[in-house]
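Encoded as structure tokens, here's the structure I'll be asking about.
Chain lettering (A, B, C and D) follows the sequence in which the chains are written, and residue indices restart at 1 in each chain.
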Amino acid sequence: MSESLTLSEATDLIEAAEAEAEEMGLKMVIAVANPEGNLIAQHRMDDAWLASVEISRNKAYTAAALQMPTHELAEPSQPGESLWGLQTTDEGRIVVFGGGYPLEADGEIVGTIGVSGGEVEQDMAVASAGVERFEERHA
Amino acid sequence: MSESLTLSEATDLIEAAEAEAEEMGLKMVIAVANPEGNLIAQHRMDDAWLASVEISRNKAYTAAALQMPTHELAEPSQPGESLWGLQTTDEGRIVVFGGGYPLEADGEIVGTIGVSGGEVEQDMAVASAGVERFEERHA
Amino acid sequence: MSESLTLSEATDLIEAAEAEAEEMGLKMVIAVANPEGNLIAQHRMDDAWLASVEISRNKAYTAAALQMPTHELAEPSQPGESLWGLQTTDEGRIVVFGGGYPLEADGEIVGTIGVSGGEVEQDMAVASAGVERFEERHA
Amino acid sequence: MSESLTLSEATDLIEAAEAEAEEMGLKMVIAVANPEGNLIAQHRMDDAWLASVEISRNKAYTAAALQMPTHELAEPSQPGESLWGLQTTDEGRIVVFGGGYPLEADGEIVGTIGVSGGEVEQDMAVASAGVERFEERHA
């Protein structure tokens, strides 16, 4: 298991994502997990969708469990494609639409971020603000 | 978190939906939940489908958890669309076909209704009778 | 499978139990199931405990699934007794404290009632009001 | 259904609890939920137990679902006592040892806090620091 983000780094990324969501006028749930997919921190913005509590956590889980951004799973899990059926495996924790990203430092995944609460592009934009904060810290 | 429907209001909506189902010759299960997706009341009409017990409850849950009617989820969750895979998230509680509706008063969701037991259009018609009763009460 | 209570009988029992709860100053969740343990109707009185939604449903389930009142399971499920461990079987649906009762007519179980929301003796008293209503109907 | 804590209040309570844990040399997971038991925020301090992610969340859930501190459930759920078996109901979410507390303002529960990561007395002490911060805010 590689090194993990600390709680203090995790809440910093969450705050960057929250700031982006507020600027976009969105209400999101933001989760950060360690490289083993286990939760470090999660914030539900006021009035964000209830379903997003579980979905954001599972986007963070998926990005760790498959070591890739969740939007890359959308195409291979389509009917007729190679990973058709992926989304119902692993006790229902795999999310195959965008908003989950691994956080890499020196070629190692040290954590993941998952965001849910709006349209997929919005989830991705808010999560990306967290990823950018992470990259600034590790630049 | 907004105010919630009372039990007495919930059973009134259920009775309106039941009356509509009877008039249409249908057997339905009808569930009403609070704004956080937790059950207030549920009635299974005689000989209604067993699966509809869980499905109606989850339609009510979904309408609360994503703050929209469940039929609006049908298109974005199709193969190739942006929310493909939504229907298997959140511990299998998300229903992406019609029959679940939020109940709004003064711009706030105060509860939801979910109906299952027939074709989707029938579920929607019966649930709508509950929504109408709600709207009459809040007119 | 024996005959089942109808929805109309079920809501009548629930109303009798609700009336008793109100008289006792209690807030309860009341569930009625058919002889196969599947829900017919459930009402959560305003401000009743959230946990009682699941617990009342499972008391009704248990009374059907083991064909006896749930309080009779308390003693045999104690440490060292013959059914030690019973309460963690059957996907966690077995409740081993009072408040669930089978409803028998002509020696056949035709449904069950489960009540949760207070101390066990209170749950039992409120459920018993439902049982009594049932017995009046079948006297 | 009463009003809920905001995210900003929730993270303030979590920080108060974290500060107490640090002073005591402990690593804890701290969760804050709304009155319907749904998560608002959760922080896992670095190197806190993995099991505590779920346990703290469920302590917060239990304090909402049964409207009382979780340590009050320890005695009635003992073998031979009235609520023996409570701990395995409600899909395994009920925690019957200390560390979960309701947060009340003007006689209404507006949220709950759950802490896990050490001995029960330690969990209770850290959670209490969160409760005290809440009470200062509402004094």
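Note that in this section a residue touches a chain if its C-beta (ideal position, glycine included) is under 8 Å from a C-beta of that chain, and two chains touch if they have at least 3 such contacts.
This one's a predicted model, so the numbers in the text were calculated from it and none came from an experiment.
Distance from the chain A centre to the chain D centre is 26 Å, each centre being the mean of its Cα atoms. Averaged C-alpha coordinates give centres for chain B and chain D that are 32 Å from one another. Per-chain CA centroids place chain A at a distance of 29 Å from chain B. In chain C, the positions touching at least two other chains are 50. If you draw each protein chain as a dot and join the dots that touch, the picture is not a line, a loop, a star, or fully joined; it has some other shape. All chain pairs that count as touching, in label order, are A-B, A-D, B-C, B-D, C-D. Across the complex, chain B is touched by residues 6-7, 11, 38-46, 50, 53 of chain C.
Every residue of chain B that touches chain A in the complex is listed here, in rising order: 36-37, 62, 64-67, 79-80, 82-86, 88-94. By the touch criterion given at the top, residues 49-51, 54-55, 58, 73-74, 77-79, 87-88, 92, 95-97, 119-121 of chain C touch chain D in their complex. Touching chain D in their complex are the following residues of chain B: 1-4, 34-38.
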